[in-house]
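Two complexes, one shared chain (chain A), two partners (chain B, chain C).
So, the complex of A and B:
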């Protein structure tokens, strides 16, 4: 859909998005919700790269999300590194971990791939829980406000109003990256490997190499989301591996429909807005989320966008 | 010289604005004070969190009946943290938006640790009712932290006293919840055991996550180790702890079941019943036992709580109510709602007239308590007796 939009329109939409919290009243809770949506959407885009373009379900992307969080918090708290340095460290750490996990899962497909990535996430969580170097079960307390300066100009702050411009920039950069990825050689090769592996092989595409490259590309995206989340929350603990985030990222991708540029963002926004402004209690929220997910997977496996297709077909046939 | 003249209409508008201006502080004065409560209201710890929130509401009604705080009524807003740090942070942000004067929070330590910076940055007084992890009072997340529940340090000393001096145990096992609360508690108990100086041996350690309810594999290992006593550290008093007790009895383990301080709540008796007979533990609050049966504020609270909830308040309820009373008493004494002023009046000071009596606080914000060691003599009727 976005592909058809011209660049100026996309830019205008991006600029408009920046003013959403201000236009919605500018209350701290609105800034908090928007910043959280931006961060969690970027987290979901990491997993989206695997789900939408490799056709695999990674249950291990909480590892990269947490890696970003731990890198930021440990280096900022223990060594006083600034935001640029912690972001670079988050990217490096995520790429290294993704190379290892990517190589291990290189030969696995579908169910086995999901299972191995899940097992890796469980192992990583146990390590974080029990290793005092990573703060153990207490986690890392007292993450300082984020400081990002460039040529003397910069942003710093800990409040959501301060973090919103950074979250917005990160989200826009991610969207641009995903947009470029879809048109890149790697993106098209990944789709070909998923849709028609025989054709891909015949055309000389090395499926394993493509899978590894996509996996390694996806990791820093989730890690950068975790990096910003550490500053937003000022506390990082093993709960970053919890199923709350895993379920959120997968639901956000599936709910609207795979392979849609804005899908994970809209999905994340729907979930967080419901949980923040229309919550009916913890149990109720989970029932809603589960029921919506089940209904979508059963009725419109393509996601809510499938509804659009149905409506469009009806319109066409009636015309 | 410039002559200033007011037209009649302009004067009327000005006068109205002036009256409105004068009236503004009066409206603010009469506006109720919002009190936020963030605890788990769903999931495994949901029933316990509901008790805390219910108790804060009862205590607020009692305070309102006496004229409120600084002449203003209290309104309690309770929100569900779902025992999940990320959700707790969202709820804390909502409390900031609600402009509450104080937040009473905390059943799970990781959730408290995640919420502390949010509330501290928004300059909202944050009183931790229950969560026990030590970093909560380290000052990193919240330099003005206050905690009503006893600390792992205080509890560890009592637990060591039970194990070595009351039970004379030599072979000691641990069933420990694998998180900030559980591991911290075990560490302190071991340190306190070492301090007493009597010989003892750690024969088995089994760890489990907060939400676990099937402990049979762990208990088989415990049985094999033949411990004299087993310390169970499990904060899921509505699910995990009663399940652990029942499975402990089914496994036929002979060692005495020593429940970590403050974990034997009414929900445990209600679910585990008979299986709780013989458990030894300690706690800081009993609604009907001395010295609480002589404290006027406690008697009032117990009566009002029974009326509202048809049961006696448990320790969680007492901590929630005491948190509100501590804040109300300190705010009244300081004649202010300002976070630093009120926290300053609590930390390192003594707050009179709470349901726990006159409550002293250490300089780091930790309430000081006197523990009572007890043994369950009849689990069916929840009958306990003090161990002297």
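So, the complex of A and C:
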């Protein structure tokens, strides 16, 4: 979608997005919702890389999401590291974990891959829950305000109004990265491995290496989202492994349609707007989220964009 | 620690794992469908039996068959919705759909049955047997014998009857089976209904061991993952062996090393096996 838009238009849209919370009244709840949408969308983009371009379902991306959160909170609380240092640590930790998990699952496909990534997430949660080094079941409380400075100029703060510029920047950087990834050699090889593995092999693409590379590339994206989430909540605990985040990222990806640059962002925005402004209680929201996820795939497996195609075809044939 | 007692515990645990896993094994083998709502179906079955005992006042022995029947009907409805994707063998979408179903079931159960833990009591749980230092309940005996019986019957049906041949042919190659006039859609429905009914039976026999919670979902049956994959995808005998092996492992690991990390240890075993043998232990 974005590929057809010119760069200046994309920049203008990005700049416009920055002023969305201010234009919508600037109330704290609006800033909170926008920041949350940006953070969770970045989290979803990590899983999107696997689902859209490799065609596999990773149920283990909550691990990387939590890794980012734990890295930020532990280093900031225990050692007083600044934002840049904790972000770097979050990336390194996620890459290391993704290498291990990627190598273990290298030979697995389809549901075995999903089962094993899910199993890994369960193990990680059990470890986080029981290991006092990671705060155990209480988690880590009192994460200090985020401090990010560059050449003396910088942002610091813990309120959502302070965090919004950073969340916006992180989201824009992620979008740019995904845009570049789609046109990169790795991105096209990944699609080829998904669509026609035999052809990919015949053209000299090493499918396993591509799968591992995409998996390792995706992990730091979700980790950076978790990193910012730790500062937003000032608390990190084993609840970052909850299936809520897993179901949310999958729903955000499929709701509009896979392999669309802005798909996961719009999907996340729809979900969070519903849960923030039109909530019908925690359990009710669960029913909505799960039902939307199932209904979209059962009725329009291509996502809502598939509905658009159908409508466009009808219009054309009637005209 | 009494080793014989731990072996008994392992057998009891293992028969529970195998029983809860069996529906899933058959479903995976025949339809290549991973049902991520498995845990929520287990939870729902336990709560339905509990509600039947509390609200209708029926006995445990009526409540469990009622919940098996209800889950079987739910299975028809769920499979009906998924039929198109199953016939296309769109496995990626199906996995995500079942995750969505699970989330809906969990949210609905929390709304209907509340968020508090409940006691799903079986009269057999209170009747215990003491042999010297050894101890077990009649519930354990029924679970063990029931599991062995169910596996025996299932093995006979799958390998020695025409119905079993239908299921196996669809599992092997659905398109070819359809060319031979086999109604693959009906086989898929039958298999999914069996999965739902089997997990309900598993819940009826295993869930009374501990308090039931609407949020227990997948974590409660998470070890069936290990059983299904370790036993080899779709292998009935393999899952029985894997179930008992895992039961022994959890009982001994919990008693000797650390109860808190049992699940993590079981998964590490699974990960190791998958690195060495990606097809599971039963793979040729």
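In this section, the second predicted complex is superposed on the first by the 319 of 319 C-alpha atoms of A that agree within 3 Å, B and C clash if a C-alpha of one lies under 4 Å from a C-alpha of the other, contacts with A are read in each partner's own complex, and residues count from 1 in each chain.
Operating definition for what follows: a residue touches a chain if its C-beta (ideal position, glycine included) is under 8 Å from a C-beta of that chain, and two chains touch if they have at least 3 such contacts.
Please read all numbers here as calculations on a predicted model, not as lab measurements.
Chemist: For the three-chain model obtained by superposing on chain A, do chain B and chain C clash or fit?
Modeler: These partners clash in the superposed model.
Chemist: For A:215, using the defined touch cut-off, is the partner it touches chain B, chain C, both, or neither? Pick first, second, both or neither.
Modeler: In the superposition, A:215 touches no partner, neither chain B nor chain C.
Chemist: Does the superposition put A:250 against chain B (first), chain C (second), both, or neither?
Modeler: Second partner only.
Chemist: Per the contact definition in the header, classify A:81: touching chain B only (first), chain C only (second), both, or neither.
Modeler: neither
Chemist: In the superposed arrangement, does A:233 touch chain B (first), chain C (second), both or neither?
Modeler: Touch status of A:233: first partner only.
Chemist: Contact-wise, after the overlay, does A:32 reach chain B, chain C, both or neither (first, second, both, neither)?
Modeler: In the superposition, A:32 contacts chain B only.
Chemist: By residue count, is chain A touched more by chain B or by chain C?
Modeler: Tallying touched residues of chain A, the top partner is C.
Chemist: Once chain A of both complexes is superposed, is A:160 in touch with chain B (first), chain C (second), both, or neither?
Modeler: A:160 contacts chain B only, not chain C.
Chemist: Report for A:283: first if it touches chain B alone, second if chain C alone, otherwise both or neither.
Modeler: It touches chain B and chain C both.
Chemist: Does chain B (first) or chain C (second) touch A:57, or do both, or does neither?
Modeler: A:57 sits against chain C, while chain B stays out of touch.
Chemist: Figure out whether A:294 sits in contact with chain B (first) or chain C (second), or with both, or with neither.
Modeler: second
Chemist: If both complexes are laid over each other on chain A, which piece of chain C (9-17, 27-35, 63-71 or 117-125) hits chain B?
Modeler: In the superposition, chain B collides with chain C along 117-125.
Chemist: On chain A, what residues does chain B touch that chain C touches as well?
Modeler: Touching chain B and chain C on chain A: residues 130, 281, 283-284.
Chemist: For the complex, give me every residue of chain B touching chain A.
Modeler: Interface residues on chain B, with respect to chain A: 40-43, 46, 80, 82, 84-87, 89-90, 93-94, 96-97, 109-110, 113-114, 116-118, 121-122, 133-135, 138, 140-141, 178-180, 182-184.
Chemist: Quick one: which bits of chain A touch chain B in the complex? Just the residue numbers, please.
Modeler: 27-29, 32-33, 36, 129-130, 136-139, 141-143, 158-160, 233-235, 237-239, 242, 244-245, 275-276, 279, 281-284
Chemist: Please give the residue numbers of chain C that touch chain A in the complex, ascending.
Modeler: Listed in rising order, the residues of chain C that touch chain A are 28, 32, 34, 36, 81-82, 84-85, 90-93, 95-97, 99-108, 110-111, 217-219, 222, 225-226, 228-229, 233, 260-261, 263-264, 267-268, 270-271, 274-275, 278.
Chemist: How about chain A: which of its residues touch chain C in the complex?
Modeler: 51, 55-57, 104-105, 107-108, 110-112, 114-116, 118-120, 122-123, 126-127, 130, 243, 246-247, 250-251, 254, 281, 283-287, 289-295, 297-298, 301
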